[in-house]
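Look at the two complexes coming up: subunit A is in both, with subunit B in one and subunit C in the other.
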Partner chain A sequence: MAPLLEAISIGKTYPGGTVANDGVNLSVSAGEVHAVVGENGAGKSTLMKILFGIEQPDRGEIRLDGKVVSFANPREAIDHGIGMVFQHFSLVPSFSVYENVVLGSEPRNGIKFDRREAIEKVRALSEKFRLAVDPLPPVGQLPVGQQQRVEILKALYRDARILILDEPTAVLAPQEVEELFVAVRALVAQGRTVIFIAHKLPEVLEISDRITVMRGGKTVGSVNARDVTEESLATMMVGREIALRVERAKGRGELACEVKALKLTAESGVTIAQDLNLKVHSGEILGLVGVEGNGQAELLEAIAGLRPLADGVIYLNGTSLGPKSVLERRELGLASIPEDRIARGLATGSTIAENLVATRLADKRFVRNGLLDLKAIKANALSLIERFSIRSGGPGYAAGTLSGGNMQKVVVARELSEQPKLLLVNQPTRGVDLGATQFIWKSLTDARDGGAAVLLSSADLSELLALSDRLIVFYRGKIVAAFVNSDDLTAETLGTYMLGLSSQDPESMRAALQ
Partner chain B sequence: MIELLVTVFSATFFVTVVRTTTPLLFAALGGLISDLSGALNVALEGMMLIAALTAVIVSVYAPWYVAVLSGVAAGAMLGALMAFFHLRLKADIILVGFAVNILATGGTVFALSRATGGDKGTSINLPSKAVPAVDLSFLEAIPAVGPTLKSLLSGHSILSWLGVFMVFAVWYFLFRTPYGLWLRGVGEYPAAPEAAGIPVAKVRAWSLVASGALAGIGGAQLAMFNYIGFTRDMTAGRGFIALGAVLLGARHPVGAMLAALLFGIFEALAVVMPNLFNWIPGEMIQTIPFVVTVLALILFSYRAQRARQMRTLSKI
Partner chain C sequence: MSTTSPSRWKTIRNETGRALTALVIALAVALVVILLTSADPGAAFQTLLTAPLSSNRTMGLWIDDVAKLTLTGLAFSLVFQARQFSMGVQGQVYMGGLFAALIAMSPIGATPLAIPVAMLAAMCAGAVYGFIPGYAKARFGASEIVSSLMLNYIAILVVNYLIRAHLAPAGTGQLMTAKFPDTAIFPAILPGTRFDLGIIIALVATFAVWFLLYRTSWGLKLRLVGHNPKFAEYAGIRSSFIMVSAMTVAGAFGGLLGSVFVQGRAFGNLAQNFDGNLAFEGILIAIVARSRPLAVPVVALAYGYLRQGAQLMGIRTDVPTEMISVVQAIIILLVASSFSLPGKKLFAGLFGRKPTSAAAPEAAQ
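And then the complex of A and B:
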């Protein structure tokens, strides 16, 4: 059968010399779910932007139904029946669901926006494709999974035959992923074609018919989903065997950090989290599980000293952290890898060397008589760049020029250059490629083996399951379950607690909280 | 004090309020449109000033409506100028706005002196025209309420009536037409309309043009009705008060009208008070509208903050 959409030897070089696509081929047949996988920076997003008209290729051609087409902007791609759902949703928060769906192609009645027809069309679409959403509430009030459905409806409203989903599962809880897959299957059953960008391999294998693997701006190959395994795909993606397995802790040490009856409130006075009680021992990793926005991030901020405590106490090796400043906490051996490396982890305009000593300006080695010791700072940077294999132009380059994975390594290098006693980690590998992920995981377990107590929060359940020795689940600002990690513990089990669908009996929770 | 109350509750005071409110209303509607499109127009002041002078000079040679239209055109062109610098050349919108204001302060004085042959203060020696007042004397014939209706409704500038209509028109545009939806979407979250194929920059540019045109009507009303003729810096901060009215009016046309009315009332008070309280220095009285603006905005942001807290509390 002739392919529906083809991209033939696409080349794209960004101003600045980054070669994003170099001879990329993609061939998608009608009515299939076609996954495009690859590490971050492999060129998937660029390829999709070209298919959707956001970027124009320097070389190569796109064929739709066998005819050569070129899209100067997304509008033209939409007119040709291509729709795209981005990872960051393009929805106006205060607009209702139906307003968002029809925005840009509104049904009209004279010069008037025909609201009734818009609502009816959206209802009809959501029934037809099994994407249940109420058209009336403002999208800002909907959970992420529903917002994603609104995005898909938007594309379908514009008669998309081909739907590109850019990392659609990254923001979803496991149950929501299942619902998405139901919708994707419904789409394909009704003759639509889905291109699915992803890097979580189990999901890719579950949903797709064919898989195209990209690496370093090139296509490595296309395979049928049923012919490959997770391992062989991973090898294709990275180009070498990689083991995403880590050693568990050998045994835990003394109690390092204890949180007692902690309550956190937002500036508006709303309670974010309450009744938080937990203990972390040195030499163990405690995973904080929960859909984002259930209090995990705020707990880490509170321990780091970035958020006041409304009530309760936090002890680090017997010292109450409450009255201590951020700097004093760091002197007690606290280190923190924050969620957002660009906004909070780094000063992107400053050099790598400066970033690497930013938390140590009281240190006599780097600052003498109130003046920076540039030579020592540079030497420090060179040794850390070596030790953490940060790929960069050198210590004098701005941190913002690095790729996501290398930026994150700079943060990790700074926080782990001295062995911490308590390490707070939030989303350590978000938007980081597999190679760097492997390295960062290794760094975290090394810190743990060196005697750090680690609190780890991540949106990626497989990461939490791979690294944690114990896990606690947050739901609406409370700890609702606790587990000692084992091979029997699955993402699905955690998911039911994350969504508040099941609750744990107090006995087993208490046992796992110790 | 009694005298003040008597004055305030007279029909003449009401007519004064409508007069002082009209320029503020147009400027506030203009500010509202550009603010909702995501471009804060701080140049309302300068746009009004330039439009006022343009209207005055044109009215010497042409009928009043041509003069008003030329004021509108002047405002719209300044809006287009801002759009060019902000959207094409990527200059900061606030800085561009202030540049227009500075241009207006100096440029109007320069143009005024050229037009009048050397007078840098007023256009008193130019025979400029006025916007006609709408005479509704026939209302008097209605039994009982006739005379009151006449004294309340007759004698307003034709532009004041246009202003009331514009409140409705702007509301209808913003909340009942697809383009209004586009405009609000562009202002709130530009990535969404962009992904839907809506030309974001174009929407903003037209909003700025419309904003300038509305401010231009305000300027024409000021120099062709509230005062006949141009005086240097005659807008006296009205453009900024109008911006305050946009916020105070909760970014809604009707709200903006009510806020403009509030500021108009205090401006009218500043007009009538010197006659009643000659022991208060005139300058003190003239500060009233500005003090009220500041107080109103403080109160507004305090209440908005409280409302946010209540909202989040009730959600939990």
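And then the complex of A and C:
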């Protein structure tokens, strides 16, 4: 059968010289689920942007039904029956589901917006493709998984024959992933074609028919999903054998940090989290589990001193942190790897050396009588670049010139340059390639073995299960379950608690919270 | 950092190239305007290009402009590096000028202390005037753009009123004070020209601002706040303190410019509207210099030359004075737009080369 959509020797170089695609080939047949996998920076997103008309290729051509096409913008791609669902949704939260779906191509009755027809159409579509979305409620009230399906409906409403899903599972809990897969299978069963970008290999193997692997801007190859294993796929992606395994803590030490009856509110006064009680000991990693937006990030911000406490107390080795400034908390041995390295963790316009001392400007080693000791600052940078193998042009280069993984290493290097007593970690490896992930995990467990109490939050459940000694689950701003990590604990079990589907008996929760 | 990395030289080359490109285009546009309006375009264009060098006196005018443009450029660079958009240099100039004049006209004015004391008074006045919008922003969330602009009007009108009603010699109807005593006026470096102490002050100030920004922890904190305020908060830097102090220190340099104005050989007294809106041209200087203090005098040198050339062209040739302003505005527009991102693309396209890396310009220092 002739392929439905083909990309032939696509090349794309961004201004600044980044070669994102270099001779990329992709061939998608009608009615299949075609996964595109690769590490971050492999060029998947660029390829998809080219297929959807957001970027134009420098070389190569795109063929649809055997005919050469080129899309100057997404509008033209949509007109050719290509739809795309981005990781970050573009929905109007206060509009209802059906309004969001038809927005821009509303059915009309004369000059009036025909709401009844819009609702009918959206309902019919959602039933036909087993998407199970009610057209009436405002989108802002829906959980993330439903919002994603609204995005899929938007594409289908515009008659997308080919649907590109950009890392659709990144924001979903395991149960929601299952529901998404049901919908994807329904789409394919009715003749639509799905291109699925992902980097979680078990999911890829479960859902796709064919898999194209990309590495370093090139296509490594295309394989049938049933012919490969997770290991062989990972080797194709990385180009070498990898092992992501972590040594567990040998035993925990003294109580380091205790959170008691903590309540957090947003500026508007809305409660974000309440009744938070937890303890973390030195030498252990406590994993904070939860779908994003359930209070984990805010808890970490509150401990770091970036968010006021509405009620309750936080102790670090017996000292109440409430009245302490950020700098005083850091002097007590707190370190923090924030969720977003570009927005919060770095000054990308400043040099690597400056970023590496930014939290220690009260330290006599680097600042005396208000004057910078440039030699010491440079020496510090050189030694940390070496110790954390940060690939850079040198300490005088701007942090913004580094790749994502190396930027994250700068943050990790700064926070772990001295052994912390309490380490807060949020999304340590988001958007970081496997090699750097391995390194960052090792750094975290080294800090733990050095006696740090670690609070770890991550959207990646496999990361949490790999690193944590104990895990607590957040749901709607409350701790709803706690576990001591073991091989029996699975992502699915955690998922049922993350979605509020099951509840733990107070006894076992209390036992695991100690 | 003091390390002279290869990327830094590359950045300097790129930036210089871009500024020169803009300059050439600006001159081409000026030529068109001259061709359209002048009976003798050749002579007019030659005047624009060479007049500032034609005599010691015109060189003095040029250097005097350079000194003033450098100081205002420095004041703007400081607040821009902290990512504050205070437009208050003009108000600080007037307050600084007023206090320098008050000292010069007091008994101290006749002593050798006149120059240092007046400069100090001007800097203090400017600092206070810079502090106000900073404090209002930190304490009440007032936009520094609006409050500093309003404070400019207040300063100009108050100074103008004081001159007319109280400081001008009684009964003369003049809109300026009497000449200060010689002890209170900057000595000329080249006798008979405006080439005076001002340029020395400007160069010392350049070094001082560079030192503050790149050698002190206050400067590093200031730049970190400017690059990413959320990062600064997370790192434990008190960004509101940094913000207010940056605006205060910049105000001191604005005040110093006021003293250079009134005590320089160009004036030697306090006159109404004495700055001729030069204070605002510091914005352009700071943008082109990318708020790097060491680049500020270089940019001021080039821009001051064009500015003086255009003014002399207005005096010496038949190009109408309105057109001089038009040419000046076009130069500003072109130079400034070549430093914006779409501008960069346009310029790159015009010369058929690839746009330079977007990340590179911030790489140095």
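Keep in mind that, in the parts below, the second predicted complex is superposed on the first by the 514 of 514 C-alpha atoms of A that agree within 3 Å, B and C clash if a C-alpha of one lies under 4 Å from a C-alpha of the other, contacts with A are read in each partner's own complex, and residues count from 1 in each chain.
Convention: a residue touches a chain if its C-beta (ideal position, glycine included) is under 8 Å from a C-beta of that chain, and two chains touch if they have at least 3 such contacts.
Computed from a predicted structure; not experimentally measured.
Applying the stated contact rule after C-alpha superposition, one finds that A:348 touches subunit C and leaves subunit B untouched. In the superposition on chain A, A:215 contacts neither subunit B nor subunit C. Using the contact criterion defined above for the overlaid structures, shared-chain residue A:371 touches subunit C, although it does not reach subunit B.
In the superposition on chain A, A:359 makes contact with subunit C only, while subunit B stays out of contact range. Within the superposed three-chain model, A:398 lies in touch with subunit C and out of touch with subunit B [touch as defined at top]. Measured by the number of subunit A residues touched, the leading partner among subunit B and subunit C is C.
Once chain A of one complex is fitted onto chain A of the other, the partner contacts of A:330 are limited to subunit C, with no touch recorded for subunit B. Note for the complex: subunit C touches subunit A at residues 1-3, 5-8, 214-221, 223-224, 227-228, 230-237, 354-360, 362-365. Residues 73-75, 78, 84, 86, 88, 90-95, 99-100, 103-106, 108, 111-113, 154, 266, 268-271 of subunit A are the ones touching subunit B in the complex.
Residues 15-17, 304-306, 325-327, 329-330, 336, 338, 343-351, 353-354, 358-359, 361, 366-367, 370-372, 374, 377-378, 393-398, 400-401 of subunit A touch subunit C in their complex.
On the subunit B side of its complex with subunit A, the touching residues are 176-178, 180-182, 184-185, 188-189, 191-198, 308-309, 312-313, 316.
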